[in-house]
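Shown below is the structure under consideration.
For reference, chains read A, B and C in written order, and residue numbers begin at 1 within each chain.
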Amino acid sequence: MESSSSKITDEIRAEASRLLSSGEVAAFLGFVPGSLPMTVRPFVARSSEDAARLVWNSFCVMNLANYLPEVLKSVEPPRGPGDPEPEGPLPRVGVLATGCWSRNMVVQIQENRIQRDRVVILGISSRGMVDRKKVLARLGGREALKVEEQDHSLLVSGRAFNEEIPRWEVVRDNCRSCVHPDPVIWDIMIGERAGDRQNANRFAQVEEIESLAPEERWAWFQEEISSCIRCYACRNACPLCYCPTCFVDDSRPQWVGKSIEPVDTAIFHILRAYHCAGRCTDCGACESACPMGIRMRLFTKKLEKDVLEMYGAEAGMDPETPLPLSTFSPDDPQDFIVTGQESPKSTGDEAGRSGEVSQS
Amino acid sequence: MKVYKISREGLDKWIKHWTESYDVFGPVEKNENGMTDWAEVKGLDEISTAPGTTKQPIKTFYLPQPETLFTFTSRGGEPDSDVLKETLDEGRPRVLFGVRPCDARSVTLNGLAYEEDPYYMANVERTLLVGVSCREQCGTCFCRWVGGSPFGTEGLDILLIETEQNFVAEALTDRGVSLVEAGGGAREASGEDLAMVESMRQEAEQAMSAMPDTAETLRSKDLMSMYNADFWGGLSESCINCGACTFLCPTCYCFDIQDEVVRKKGRRIRYWDSCMFPLFTQHASGHNPRGQKVQRVRNRFMHKLKYFPDRFGPVSCVGCGRCIRECPVNIDIREVLRDLLGVE
Amino acid sequence: MAESKKEQINNPYMPFPARIEDIIVETEDGNLKTFRLMLERPEDRENWSHVPGQFAMLSLAGRGEIPIGIASSPTEKDGLLFTVNKAGVVTGALHSMEVGASVGVRGPLGNGFPVDSELKGKNIVIIAGGFAFTTLRATLLYMLANRRDYGRITVIYGARTPGMLLYRKELEEWQKRDDVEMHVTIDRETQGWTGLVGFVPTVAGQVAPSPENAVALICGPPVMIKFTMPPLEKIGWTDEQVYLSLENRMKCGIGICGHCNCGPVYVCKDGPVFTRAEVMKLPVEF
């Protein structure tokens, strides 16, 4: 039986090829197969021959919204700093979008990173992407030389072994806790919409950590980031991280040390997470990109939970609703603001700081 | 070179003896994900036997992240303030046990660039490498394409080869011989052992198709004519410009230097930097010689495959495959090599 | 003492201790200052020898290290001169320092102009724009001190305004000499300025001598270099006769750290001085 991924692949190829050859889009942003099992490569198709190479499967873990501004720029006519705006509409770009990616595109529209009328979105309801690291962990050091995807299982084979792994068990944590698999904006829908997913408790992972004592939480945090090599794959995989000069790179003033001293790494991770608050869609690209297996999306997930609880907002659900942290309303919760008179709850208690907001 | 035979138990004793005068490190299973990385060990049973390489290359021992070059007291007004004091690390000597031939080779290759660097050389001086040959190669290993071998000895003090029941230990340097002696309990290998090792070597090398002398072939091509080739653009469109490939690469050795001062205690450190980062080349004026991603992606490969070989001979890649495995978007240096070798 | 001597020989990252002897504010906007540094240890002073066009790393403990061209000629014996544009962290800190403060100097580094080989016996044209005159000042002084080794010397130097010219006193002195032909120009007509007016490329087109048995040393902003070439080429100059000095970000200065490569060359070690013919073969990464 044809798997749902390969059906989607066929449809993507057909649509992308049509869009490209009709000139509706100048480029199409998708994936092509990678050179290793369980990998794909983000790819910009510019012809229908290119489109025939596109692929869809359970390993499409990079968030394509991250590439969109650059690809949009690449199809614009070249222009020097002083040159006038080109006349007429600029060329468009086609792109694939699952629920979370489409929400990132909404955020990008709200933050003026992209223009809605310049993207043609092929919406796909995500069945959850597989975490390559989870599969590798199950193999315990044996190397997967071939991984074949079926709708509910992965057939993994290597030197002298064949193993069938139930797919859902190795789906990424963010996808397992996702409730919005359908795109919120799209132009062409590929396959069926699945509807919001019932999820017993999407914040279970966060609550587990919240239940720890402050010092345990701090210890957990430090342990989690201890092997970080500051490669910034997590930051660079993220469509929200686009500051021209990231605070970690700034030298005037220098906010944070550059090497892997624990305190510097901690500052990096805390600030990175906070920069994403109210904007992060839990797409999991950061975690998938990390070569060291650090689960930094738990930090942003915590903030997602806080923003939902305090402001009733979820990032990118609707282009008309402004971003929660860039708007103010008089009834916003404000009791976390510490004034001069009150003594803060956790004086000198560094452990509590990152988790304090929601408890006050 | 002397060749010995040693049992598993014998090896364990070696490690235990060595710990008396060395810090001994080995590849250890780090977490449930099956990731192995370097950690201090006290015996053989702690050491992972998984094929292939550790998560991080052994450059962490040669180019620690960060490395203190100098210390100073800052702006205190005291007579000694702001005077740099050298801090060549004269810590305990150490043995890295279970180094793969590719990683061992990286120390020698980087050494070509670091010849005049006293810090690197001090680390070379105090680090002994005990390698293990690779009976099994990973799908991402390509040491044979770039001048290495799964049984390679370059950079090693001892090479261990696992045979049916025992290990054969080739002591490759004087330091290696003294390590074997300090370990004790080894017998000299017989002619039979040597023959067996030789046939294993041939088998392993044949199992991995070699590219006909890559360095030589690369050198014979006019690679600068590929500077504007189309494939760079394609690569850079996928690349997210992170530092995963370069930071985890054993032969990427670029660094930045910076001063850090905490409560008047200052130090000048060097830490890993990556030509993938835009700031790597950016001037104070904002001008950036490699401001575009495609320039940076190209530089990474051209440095390894053209600029380094031009200067020093060998290709600056040992074929460990880390960059292929760890790149979040699967940029594969083997494809770049093929593209470059396709040049006439 | 013996101890520290050993360190310097072995450790190429160790700067020589030096003291700021003098600070001259060069330009009207105050953004360029020349620092005269004296190496603290007599043996360092004795061992120091550089070629015009070389640079050194200036080290401020706590701030960092930056490459700066050596503005003094080896023939000047009263310390080392560095003319520094206030641009960022280290240059900013340096600008706030006072006479007597200690700094570190690591060098000399790089190749320098071939004053004792290729340039000997040649007619020399020095073309400089803005504050890139620094190592050319060193070169000019060196040549004047060894005047008989060189043919005609022509200097074309321009800045935005009279107040932005470096080394003004010296410019006046050189203008009085008859063994060097000075063409100092400013971008626009200004009150009180009686000299040349016009951009460096234009002036170069007007006054540049014949390329016969001559070399040109050009330092300045990339646009200036770009527009200076066509008028020179028009009268027959070739890329082999033109020397440029590149400026790439660098950290170690000794060909290891990887920052300053421009394609296959390391600017710190193979440069910073290259002929234009060499530069044209390089990828445009400078």
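The rule is short, and it goes like this: a contact is a pair of C-beta atoms (placed from the backbone, for glycine too) under 8 Å apart; a residue touches a chain by one contact, two chains touch by 3 or more.
Because the structure is predicted, anything quoted here is derived from the model rather than measured.
S.K.: Report the topology of the inter-chain touch graph, choosing from line, ring, star, complete and other.
M.R.: Topology of touching chains reads as complete, every chain touching all others.
S.K.: Please indicate the chain closest to the centre of the assembly, with centres calculated from CA atoms only.
M.R.: Chain nearest the overall C-alpha centroid, as shown: B.
S.K.: Hey, how far is the Cα centre of chain A from the one of chain C, in Å?
M.R.: 49
S.K.: Please compute the C-alpha centroid of chain B, do the same for chain C, then give the distance between them in whole Å.
M.R.: About 39 Å separates the centre of chain B from that of chain C.
S.K.: Roughly how far is chain A from chain B, centre to centre by C-alpha average, rounded to an integer in Å?
M.R.: From the centre of chain A to the centre of chain B is 32 Å.
S.K.: Could you check chain A for residues that touch two or more other chains and list them?
M.R.: In chain A, nothing touches at least two other chains.
S.K.: Hunt down the residues of chain C that sit against at least two other chains at once, touch-wise.
M.R.: Within chain C, the residues that touch at least two other chains are 88.
S.K.: What parts of chain B, by residue number, touch at least two of the other chains?
M.R.: In chain B, the residues touching two or more other chains are 256, 258.
S.K.: Quick one: in the complex, what on chain C touches chain A?
M.R.: Per the stated touch rule, the residues are 88-89.
S.K.: Can you name the residues of chain B that touch chain C in the complex?
M.R.: Touching chain C: residues 69-70, 72, 74-75, 82-84, 86, 88, 113-114, 116-119, 224, 227, 253-259, 261, 266, 268, 270, 273, 275, 280-285, 289-290, 295, 299, 302-303, 306-307, 310-311 of chain B.
S.K.: Would you pull the chain A residues touching chain B in the complex into a rising list?
M.R.: Against chain B, the touching part of chain A is residues 34-36, 39-44, 62, 66-67, 70-71, 74, 133-134, 136-137, 139-141, 143, 145, 159, 227, 229-233, 235-237, 245, 249, 257-261, 288-293.
S.K.: Tell me, which parts of chain A touch chain C in their complex?
M.R.: Those in contact with chain C are residues 251-252, 254.
S.K.: Help me check something: in the complex, which residues belonging to chain C touch chain B?
M.R.: 7, 10-15, 17, 59-65, 87-88, 91, 102, 104, 247-249, 251-252, 254-259, 261-264, 281, 283-286
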